[in-house]
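Two complexes, one shared chain (chain A), two partners (chain B, chain C).
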Partner chain A sequence: MTTVLDRATASRADDPGPRRRRGRRAVVPYALIVPALLFYAVVVLYPTVAGGVYAFTDWNGRRAATFVGLDNFVQLGTDPAPRSALANTLLIAVSTTLLQTLLGLALALALHTSLVSRNVLRTLFFAPALLPPVIIGFLWQYVLTPSGPMNDALSAVGLGALTQNWLGDPSIALASVIGVIIWQNAGLTMVIYLAGLQGVPEELLEAAAIDGAGRWQRLRRVTLPLLVPATTIAMSLTLIGSLKLFDQVYVMTGGGPGYATETLSVVMYKEAFVSGRYGYSTAIALVLTMIVFAFAFVQLRGLRRFEVDA
Partner chain B sequence: MSKHSENPTRGTRTARTAAATLVLATTLAGCGFVNTGGGDGSDGGTNGTSGTVTAYVNTEQSAGLAPLVEAFEQETGSTVDVSSATTDELNQQLRVQLTSGTAADLIRVSPGSSSPVAAGVLGRADELADLSDAGWVAELSEDTRSLAEVEGEVVAFPVSRNAIVMAYNREVFERAGVEVPTTWSELLTACEQLSAAGVTPISTPFQGGIYLQFWVYALAATLVYAENPEIDAQMAAGETSFVSDARWNETFARIAQLNDAGYFSDGMLGIPPDQGLQSVATGESAMVLLVSAGLPQLYGYAEGGEEAFDVFALPANEDASSTHVAIAPDFLAVNAEAENPEGARAFLDFLARPENVEAYADEMGVLPGLAVDAELSSDALEPIMPMFDSGRTAGYANYLWPNGDVQQTMLQSGQEWLDGTIDTPALLEQMDAEYARGTS
Partner chain C sequence: MSARRRSAAQLAGRFSAELGMLLAALVFAFPFYVFLSVALKTPADLAASPLSFPTDPALGNFAEAWQRGDLGQAMGNSVVVTALAVALLVGTGSIAAYALARRASRLSYGVYLLFLLGLMIPLQLGMVPLYQLMRDADLLQTYTSLIIFEVGHQLPLVVFLYAGFLRALPADYEEAARVDGAGTLRAFGSIVFPLLRPITGTVVILTSINVWNDFLTPLLYVGGSAQQTLPVAIFAFRGEFASQWQIIFAGMGIAIVPILLVYFLLQKYIIRGFASGLKG
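Let's look at the complex of A and B:
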């Protein structure tokens, strides 16, 4: 009996108990993500935080950085180049977000049919989104030169009066860049909407039709409200991407003619790698990050209010 | 009892943590994220003991150096490991490489203070080795030495010198009955004749602004530097400025005159350089102002190759004998932190031999970097050689400007100026503002 009791006592002493077992089980997942977290911290977090510190210095890449407080941010407020670039960036962001969303929605609605060639057309419209932005930039730089294919094509179909110096005329260069961005990414928005359209219950549309709703009313009262989540995703991705826009602009125009197409990202790049003002450039990067965060946050909060369940 | 049962658990946890840390460290080291400190430079792939010289040069230098690298390796048994990039990319990457201690032994640097990686800028920061005791220093021409020297020390070696020349399509000139102009008014007459013949007189691929700077430097060589060689010292002392100096105003007025007369390409701000050169090769345009290193590219666009073109010095006034040519040395320098400085210096000494100076110039169609007796087989630059031989040359204007932003502003705001958005004084004032920021 004593032996039995001792064994039972010993067994209880070895057994960590259900609470501790649960605790150990809960620790395992966290332990497993530690390597990934460490990797993320080393590759992303540390450089980001360490880089952010340089925004408060005059580091030029050579001599030791000197703390300058908020000088870089004050200069950012008074420098004409970043202010003009900010205006361009916001114009690009707003116009591409709206136009690309509308075009992507229109394409999705047009191709969410039983059209025989719909898959081919979907592929064609989506293909530009798969190409690297730099390739797109070089391609369109060639297409839009004064003697390039765009003007040749317009002349060939009797629209010679519409030929333009697409990238060399400051009054239309920014619009040309916006056009290229929308051309490249409208297919991506279309795919997001096509996925959203798959989630619109057929029975709701049928019920609306039985109740006498026409095509326009079904679109307005049933389809579009149910597409708000897709709109949230599409607009957020477009907005964030266009606020950070760099590759296509740098390749097609370098920010020119003059400063007509300069974005904040282009100014940031030039300040760091052309002029060697890394501290000032980092300040621009911080401001751009805050702008992207603020816009994305406000947009997400705003659009989520309109989301409804099917 | 409970104390006994906790201690082994903590020990196990510590051991596991240590093991995990070790595994992570090993993994990261394997991925190259952690410097294990194992490389002592003694293996065959590193410098120093193996006699390998690393070099980071621009693409033009890489092409010209290739045969000489081979000859050097055969002669010395050492290796020259050359990496290359376009000048723009190189300028952007080199700064980071120097800061992080990963720059090559031999590096391409811009002359003067024209960029954050120019000889003057890096030299003042003690990032370039002093080469003053090299034998070839005696062969430096005066204008080259002024750009290679920092505080009395020579810190750069000129592999070649480029000249800004006007290249023209011979057939187009002949068809229009145009003579090669030697004065400004003759240039205007030639443009008028070409325009009347239905040809764009001057191709101006000003997208990006790079080709605009050639106009400023070429005209300034005659209008500014030939008349007042002390202009840079005066500007540095604050005695004059772009906007207050009549010669600088005249330089930009000349460009405006050609633009206003319609002698430049239509839509010039949207034309990239390669298309501008192609238009001259096809005869759509008659001439283009470019650096001599760009001539091989121009030749490549024409069926007749080099024979289809000739060059002349851009006249800027009515006295043909006062026309100067803008020239620029193309530099290599030895990194002050080079792993194999002796090897790098030996390679420069090898390049400085007269036969190698000649070989490089012939290969690239450029002017010799050193003032040695060189017989060039290419006669592409023959028309400007008399000016070169008689010292009627001037460095590119921007090389002695205090920072690269003056040039950058000239290129960007210059496009607004060409478009008529701003006037000449506004452009020059902007350049003055950047000049006033001092050395970078």
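Let's look at the complex of A and C:
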């Protein structure tokens, strides 16, 4: 999403249009912003700032909050649940972002061809991204039960050795969750790449072919460099979304077994609305916020280096 | 000879690509197959042959899920919340973006960036203070609390989409209207807003899906009440029916029918909306 901020800056700098014409136009009043700003202030601005303050208190909703400095953050470093959640959240974010981008790109490249089945497949691959995460979570919870369809199907095709207690075994539960997230959202990445592929000029690919570039070289030297903007968007969306991951984990595993699939969002929710430790839970949310901003910054820096013009 | 051999090789290549993708699609679609087949099975059928497709579809599962889960009520709630939130988002978002895009001042740019910040800030940070605010205003367990939340929460995306579109839209028409004496609001309503139709389509698609599918905040605000939306009702439903998976799947099937219907009818626009909208 920093792309968004970045683009806004860029377009303002390159385009002096509105300013140039301002002289001969009646001014659009700022009052038009007020209704939107009111909603935004009540729902996002005020609560976020208040949350930022409460993160440094022992507030629990029953008695007045007192400032406790960095105590919440110190405790966060020693509590097992948020510690696992922190590691899991980072692991989920990095692996989901990389794998989903690769899978989405592969699907888009495969379907940006003359395959007869491409429209049906596009519809199919994108469908899970539109469905409620709660329902996707329950669907997979059933599919992955030890005596459930996944293991049955593996046995049926002779892969019985691969059967697992997918969500119950602490050593693979997190990988199962990551798999479900990728299954649900790979179609979204695919759709973004398909839109990006439409912007790759056919003449450029033909010219490369005439110059003797093979299929792989055309992909590497022409197509992929032109897909960097699409990659930035797809990766930012996936990264920010997976850092905030809640719904699927909450309904599939509730963070278990043990702390194997806890995420910062799930721990935060439990601390706030099960244990009533408002200050502490908000400190967890503040850590999450910092991570989101740090990742977005690093990612933007890293990806912009690869951008080229068509 | 060589030409014919090449075209034969090409044909074989295309055939194997087609086959490979179909195979991938089959694996990908497996959970959907499970979804449908479990929803149509009797408990005995499910226990006896878990993977096969039911020979005698148990349509009664859907009737039972609909009645016992009170899904009609939940679906009505979802429709009300989504429709009102999306209408408010289009109204407040388009007109705010209009002012932000047409004023080239430092202030308007600052406000624009402030909105965009909302695309990144996790809602968790403000979750407790906002919950308290809603509780103190006595709005918990009402549509109002959810609608206010969804509007504020989705506005950054809406303002971003409208402002981007408006910057590329020449101001000539509205200027002409204003020269003819139309006020700002009239010029916006009769000239600008109709021109925004393509991006309004994208906004409606993206925000409807986001609001319809939202779970965490609706769970907090309207969970367990008569106002609960579909994802919250399904969550409660799962707890209630514990291991009666065929009823749970039938209920979930009912809950996704509206989305799938709209998707199949408007898929070209929906896919384009996601691709272009997210591309910015």
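Basically, the second predicted complex is superposed on the first by the 282 of 310 C-alpha atoms of A that agree within 3 Å, B and C clash if a C-alpha of one lies under 4 Å from a C-alpha of the other, contacts with A are read in each partner's own complex, and residues count from 1 in each chain.
Here is the rule we use: contacts are C-beta pairs under 8 Å (C-beta built on N, C-alpha and C of every residue); 3 or more make two chains touch, one makes a residue touch a chain.
This one's a predicted model, so the numbers in the text were calculated from it and none came from an experiment.
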{"item": "Partner chain in contact with A:302 - chain B first, chain C second, else both or neither", "value": "neither"}
{"item": "Partner chain in contact with A:195 - chain B first, chain C second, else both or neither", "value": "second"}
{"item": "Partner chain in contact with A:167 - chain B first, chain C second, else both or neither", "value": "first"}
{"item": "First, second, both or neither for A:292, with chain B first and chain C second", "value": "second"}
{"item": "Partner chain in contact with A:135 - chain B first, chain C second, else both or neither", "value": "second"}
{"item": "Partner contacting more residues of chain A (chain B vs chain C)", "value": "C"}
{"item": "Touched partner set for A:230, first chain B, second chain C, both or neither", "value": "second"}
{"item": "Touched partner set for A:47, first chain B, second chain C, both or neither", "value": "second"}
{"item": "Partner chain in contact with A:254 - chain B first, chain C second, else both or neither", "value": "first"}
{"item": "First, second, both or neither for A:29, with chain B first and chain C second", "value": "second"}
{"item": "Chain C-contacting residues of chain A that also contact chain B", "value": "31, 35, 39, 42-43, 61, 147, 273"}
{"item": "Touching residues on chain A, where the partner in the complex is chain C", "value": "1-5, 7-8, 11-12, 15, 17-19, 21-22, 24-33, 35-37, 39-48, 50-52, 54, 61, 110-111, 113-117, 120-127, 129-135, 138-140, 142-143, 147-149, 152-153, 156, 183, 188, 191-192, 194-196, 229-230, 233, 237, 240, 243-244, 246-247, 250-251, 264-265, 268-269, 272-273, 278, 281-282, 284-286, 288-289, 292-293, 296"}
{"item": "Interface residues, chain C side, partner chain A - complex", "value": "14, 17-18, 21-22, 25, 28-32, 34-35, 38, 50-51, 88, 91-93, 95-96, 98-104, 107-109, 111-116, 118-130, 132-133, 148-149, 151-153, 155-156, 159-160, 163-164, 167, 171, 175, 178, 184, 188, 209, 212-213, 215-216, 220, 230-231, 234-235, 238, 245, 248-249, 252, 255-256, 259-260, 263-264, 267, 270-272, 274-276, 278-280"}
{"item": "Chain B-touching residues of chain A, taken from the complex the two chains share", "value": "13, 31, 34-35, 38-39, 42-43, 60-63, 141, 144-147, 165-170, 173, 253-259, 270, 273-276"}
{"item": "Chain A contact footprint on chain B (complex, rising order)", "value": "1, 5, 20, 24, 27-28, 33, 91-92, 95-96, 98-99, 115-116, 125, 127, 207-209, 266-272, 275, 279, 403-405, 408, 412-413, 415-416, 419, 421, 440"}
